[in-house]
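For reference, the structure discussed in these notes is given below.
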Amino acid sequence: MYARVMERITDVAIAGVLWGFRIAVVLLVVVGSALTLGGGRHSAESWLSLIVSGAVLGSIYALIALGYTMVYGILRLINFAHGEIFMAGTFGGYFVATALSGIGFLNLNPITSIISVVLMMAGAIVVSVTLALLVERIAYRPLRNAPRLVPLISAIGASFFLQYTFRGFFGPGIYAYPTVGILDAQVPLGIEGFRVKWIDVLVIVSAVVMMAGLFLFVQRTKLGTSIRAVSEDKATAALMGIDVNRAIVMTFAIGAAMAGAAGVLYGLIFRQVYFFTGFVPGIKAFTAAVLGGIGNIPGAMLGGIFLGQVEGVGPTLFLSGLGVPSPNQLRDVIAFTMLVLVLIFRPSGILGERVAQRA
Amino acid sequence: MRNTLRWSAVLTGMLLVLAACQPASSGSPGQSTAESASAAASVDAAAVCAADEAGCVEIPSGEPLHIVFWGVLSGADSTLGEDSKRGVEIAIDDINNTLLGHDIQFSTEDGLCTPEGGNTAAQKLAADTTIAGLIGPSCTDESLGGMQTLYDAGMTTISSSATRAGLTVPDRPAEYAAFLRTAHSDYFQGRMVAEYLYNELGLKKLATVHDGSGYAKALAEVARTHFEELGGTITTGGDQAIAKTDTDMSAVLTAIAADPPDAIFFPVFIAGAGYLTDQAKDTPGLEDALLMSADGTFSPDYIKAAGPAALGHLISSPDTSKFAAGYQDFLAKHKAKYGGDPLSIFHAHAYDAATLVFAALEKVALTDADGTTFIPRTAYREALYASKDVEGLTGPLNCNASGDCGAPILAVYKVTAREVGPPVVWPPEAPIWAPEPDFYTK
Amino acid sequence: MPQLVAKGVTKRFGGLVAVRDLDLEIEPSSIVSVIGPNGAGKTTLFNCIAGWYKIDDGKIEFEGQAIDKLRRDQISRLGIARTYQNIRLFAGMSAIENVLVGQHHFLKTGWVGAVLRTPAVRVEEEKAHEEALRLLQFVGIRGHGRSQASELPYGDQRRLEIARALSTQPRLLLLDEPTAGMNPAETRKMTEFIRRLRDELGITILLIEHEMRVVMDISERITVLDYGEKIAEGTPREIQTNPRVIEAYLGRGAAQAGTTVSDATNEAAASEA
Amino acid sequence: MDDTRIRFGDVPWGAVIRVGLIGAAVAIFLCLVGIVPVFHTRPLIKDVISLGQTSVVLALLATGLVTARTADMRGTLSVLPGAVAGAIAGAGLTALVILGEVINVRAVFLNASPLLYGILTFGSGIAGSWIAIVIGAVLGAAGSVGARLPTSSRRPLTTFVLTLLMGGLFAGILRTAMLSTPLAGLGRLLFAPLGLTIVGAIVAVIAFVGASELFHYTRVRDRVNGMAPAQQRLVTWPLLAIAAFAVLMLPHALGPFVAQVIALVALYVLMGLGLNITLGLAGLLDLGFVAFFAVGAYTVALLTGTSEFGIADWPFWAAIPFAVLFAMVFGAILGLPILGIRGDYLAIATLGFGEIIRILAGSDLLSPWLGGPHGILNVPKPIAVQPTHFLAGPNQIYYIAIACAVLIAFVAWRLRGSRIGRAWLSIREDEDVAEALGVNLVQTKILAYVLGAGFAGLGGGIFASLVGSIFSSSIQLFVSINVVAIVVVGGMGSIPGAVLGALFLIGVPELFREFSEYRFLFYGAALILMMLYRPEGLMPTRFAAREVHLESQELGADTVVAAPTEST
């Protein structure tokens, strides 16, 4: 009887803490925002700017997150090395860009600039996809049926290996993307105090286009269908005559291509790349994928955008009104708190697939 | 059963190894018994070594003389350590790889720029009785972690890039005697920035951004404090921080722009500074703010990272134009050896640290009849502290009692179209401003 | 008074209604079977009773207590245990440990006690082990206690799963196709065994079964589901001749031809194999 | 042996060329990533071979070996495939040299320097580029001969290669340790400051090959297994006693650096054992273990520190229980909201918590109390002693960490055998079924999580005392990842496994500090290889090992035919 009572009390305590956490976070968000907005230190234009930069960051997260989510969907594997695949793409784009800049093609005129960006993307995608397929072949494929944690550790190993391979190849220094003149120009919007560059537009538009393309590809094409089938149930898909291996390899390739493209966009907007570049965006994109519901393609897009906004607007909105010193230092604290909050309310992410209940 | 057995086997193996290495007596390190072979000839050296409270490093004839650089060689900050390491390597090349009749054996230890990394590295260094000279570490945190261990072992290190003010204050703790540096103290750099902005340019409102690293936080604090002492104000929201790995600076810049300052000082590292410079130009309200960063960004990489936005940017840094004439040669050697420009600003300081080490070793080393060289540790430390007017790349080197060896010749640089390129040209020809010499004595 | 009462139970998955407005009453110490074609909602019904699914409508009571809002562990403690269609043992644990897990909530050892291994804990552990061995003996796999669960032969795994279920001291046992994958001899033994469970331990048995010989042999009452709805209920004899049931299994033509259910399903099984 | 001659056409040339090309890729990788040029200055055997050269030699040997395994030919010409593959691999290097002559490879790959080309051509410039092909062919042939030798003669050869590698790598540490003993002369004879001397190489190889042949492991095991249980005990107990004594004497015998390293290893053993409960037993993937480590470290630093941030000036022994307690309380508070979350969602949520704590520790928000990046200094050692004392420096931490690790191992072992341990395992195996058997999931998980947190807090507290300070920069995601890797590499749920895992993943990289950035390259490669060839871990629990091998057998089965699982 005593044990029953204790258990009941613990149950109640657990529920209490849960609700306490939810209420505390919501309260913090509401009060912080109210104080910040009430303080009126920031103009509407600066909020707009924050939203745009959040959207840009979020688009890049979303593109990387697609790779995480697709691989997770098909193999139930957290592909820790995906951030490094992204970094490799950024490097690939860099070398194409410097080559083009060296012969004066990059900024010759707007058309060559656009061709250059396309070439950079192509270079980045080639590098990323090659690397991703190598990693899949060497570090993941032999472990496909091993217990869950084994490929995870292998993925962590691959992540370190790639990082320090690139450090060995290119040294610890920072490589800077050459500037593409037309992309650095302002979009003439005519709003005082609110500026958007063409590159911001390019990032958001190309991210949306790529994601839409991917979504259609997965939903409409035969190959996409086979990827979905393998995600659902490998054994059954194999019985239906689907080449499981091919579907998995394609998944890695598509995810890597998205990451490579994201790498070039990242390079164009943030202009720097070194061997450590992939680590943080990798973790963030993974977070975005989980936020949206891992294994779910629209979820990854949504999660990326959401995370970008939380990071872009969150610190200023929630914390600056509360008088927290250096609120932007805490942007990741906000991002991860939001993640936990979302998971408490929706344990499988915003658009998460319902947790499969086997019976 | 099987596991137990395997375990026992492994551990027994360890025991065998350990039995072979068991010390005969718990004498202090360095007081080796191996000199018996040459007892007669080394009366002089033996007496000196016995008298030296930390004992001697001894290098038998034909053995190399061991020089070590320790600092951050892996992880995101590894440019800093790599840069200094190259400085030491070139210094060793310049003395043809020999010192005191021995070849030089150069090795490195990774300190990871963390206190525990410094601590472990120091333990390894302290255990190695062959080490004659020690250069490093890269970071203040490593210094703090390793100081006590090195001091206990009677070793002395000289750093080229740990700049925290507290490391060389006159009333520093006893164990800091193991630490000298050729790098300047942040105390001077932070104050100089404030003086330049307030007195020279007449600016009244300042904002600072640090990146959560010890270096940046301390430097920003010195600058802010001194700026206010001079009569300036720090803007509302003018004490900001970013994370080292941040790339999108718009939020922090928008926060600063809410009360626009005349100048923003961000003594952060290359990546972050590049992002801040680049993105500040696009933040409404900050168009006219002067941007300034510190020695951590005195590198062509910074210009590349910031892009065209770097034009007009201010950098406080050691004054390379006052570096000795040999500096140009150094740059040429660097290019030939490593295929590129230096990675950071402290290679010359590392070169100088090596020079000081070589000079001090030459001063105190004793060689007996069969060519064994003895280096009394305490005497070596004293010799380092007594270094006077040693010719270095950064200028004449004079060590004082609290461990500062380099003359702090700081200056303010302005990035011009020449450096921005393309191609990026480095370093800038001359600083635009330098404090009066009496600044360092005030 | 019936031991288990389900009234108007409905469970939907998205647009699909897996169980619709189902009523069910089970008397204590009876053996009741649920049959129906594949996808009829039998396992879903089990999952609703055992708390794996939250039902969308209706209510389920066990011995007078509403259980449809409870968690699985709470339902287990009230005295309902189950087995699974595909065996779900703890593969990495030994057979005896599998059974011991079922006793979890009867034991009181806290973590401090476990670390110190107090005399009370030792006595409790000993008793638990005895009980576990007794159960292994009862299901007929004593002597395999230390083998890894996943290495037992198939039939023994089924038995171990039942022993594990029994260790929670249930008064109602839900068996999901206990004879699946067994040969006729094994099946006969299992049928015997299920009857013993009821006769010797007085446990109520609710059974999902495809093997009609088994169903007709041991069931006292049979409930037939089709498309999530109950289409018939009664004694084996009533069910065997019920035209709706025959129709559900074989279509209208067979019902008119006058075949019985057990013939039909056995034929179907034969043609599948 | 029916036909001793192989015909040219019998050789599977496609496979041979493929292996050769992979060998070439590996060799070129070793060059471009910098291992060959950077480690050329680091001798393996002084004046004979450098580490950089060794890496290429090993790659070429391996090419031959793999070729021989792939193209399994017998007879007089059987070395031919290996030689060809080796030559192809060598030709890769030749191509690299020629390419470097034609275009500026260095504009992309920093290590494609004149130094590298010098090494590859033995200083003879492009004219000497063909040397690599010849060497490749010779080594490839040698490798394929090695592959074909009977086990009895291959084993000493393997020992030979391993001895040279180990001896050369650890020469510096061994020499340093010997120099301060009467064995200094011997140390100088056997070891150069870096690498072995020629004498040392010969002695080491003879000694080790001899010893390993005399006391071969399986032979000893067979003999011991052949004994009666009483006799076995007679052998085992003294061995265990000797082993225990060795563990106690280790820091004194090998000097303060090794003491520091093993103290750090012991610390990770302790944390590994803690996570072994959370992850190994209960199956909860916690990627934010560092959060509790931080709580423990800061608690001890605040309570004992004598710097400006110290608040109580307590002795270590009074503070450490609080470190554990606070870590557990934190574990409960953080765990409650997220333990309802499943599987990988839990992993990312815990990772998030780790990051939150890391950022907060270094933030301006908390720096008035925690020192931010400037840390809390002057954390005293548990026992204040003179530098020459038996317990000075890392030694006492080593003993404390060992004692705590033993304690935790005991706790873990007792819990594993109890009702609670069974509940954890059942959750790890199948949490739905466990719940249906009456196990309260949240409470059982919380207990595992909180206990794991407590042990991490203990580790953190000891860490603060070991380093004598705590800085926000010590709170890194890498700590969490390392601990997870220790548990998995050691073998999930296995107590000796956690010890071996920590030795392997913390000890070895620390000993190889001098290789600075390349350590992490090797660390990553080691993790991958480890998972490929020993997925069950270094020292798995008995059941888990079988399980993994069982599953991989199944893998083999269904890749071949994709057989339907239920064919009844």
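A, B, C and D are the chain letters, set down in written order, and residue numbers restart from 1 in every chain.
In this text, a residue touches a chain if its C-beta (ideal position, glycine included) is under 8 Å from a C-beta of that chain, and two chains touch if they have at least 3 such contacts.
The structure presented is a predicted model; accordingly, all values stated were derived computationally and were not measured.
Closest to the protein's overall CA centre, chain by chain, comes D. Taking C-D and B-D together, the pair of chains sharing more C-beta contacts is B-D.
Of all the chains, the one whose CA centre sits at the greatest distance from that of chain B is C. In terms of their C-alpha centroids, the spacing between chain B and chain C amounts to 72 Å.
Per-chain Cα centroids separate chain A from chain C by 45 Å. The mean-CA centres of chain C and chain D are about 48 angstrom from one another, to the nearest whole unit. Chain B and chain D, compared by their mean Cα positions, are separated by 31 Å. Contact with two or more other chains is made by residues 74, 78, 212, 239, 241, 243, 340 of chain B. The residues of chain C that reach two or more other chains are 52, 84, listed in rising order.
Among the residues of chain A, those in touch with two or more other chains are 164, 167, 171-172, 325-326, 329, 332, 357.
The part of chain D that touches chain B in the complex is made up of residues 41, 106, 110, 113, 172, 174-185, 188, 193-194, 217, 220-221, 224-225, 232, 236, 239-240, 242-247, 249-250, 252-261, 264, 359, 362-364, 367, 372-375, 377, 387-388, 393-394, 463, 466-469, 471-474, 496, 510, 513-514, 516-517, 519-520, 539.
If you check the complex, the residues on chain D that touch chain A are 29, 32-35, 108-111, 279, 285, 333, 336-338, 340-345, 347-349, 351-353, 355-356, 359-360, 363-365, 432, 440, 442-443, 446, 477, 481, 484-485, 488-489, 492, 517-518, 520-521, 523-528, 530-532, 535, 547-548, 551-552, 554-555, 558, 562, 564-565.
Chain A contributes residues 41-42, 45-46, 49-50, 53-54, 56-57, 101, 164, 167, 171-176, 178-179, 184, 192-195, 197, 266, 270-272, 274, 276, 279-281, 311-313, 315-316, 320, 325-329, 331-332 to its touches with chain B in the complex. By the touch criterion given at the top, residues 1-12, 14-15, 17-24, 26-30, 32-34, 60, 63-64, 66, 73-74, 78, 105-110, 113-116, 119-121, 123-130, 141, 144-145, 148-149, 152, 212-214, 217-218, 239, 241, 243, 338-340 of chain B touch chain D in their complex.
Only residues 74-76, 78-79, 82, 212, 236-237, 239-243, 245-248, 250-252, 254-255, 257-259, 270-271, 274-275, 278, 282-285, 301, 304-305, 307-308, 340, 343, 422 of chain B touch chain A when the two sit together in their complex.
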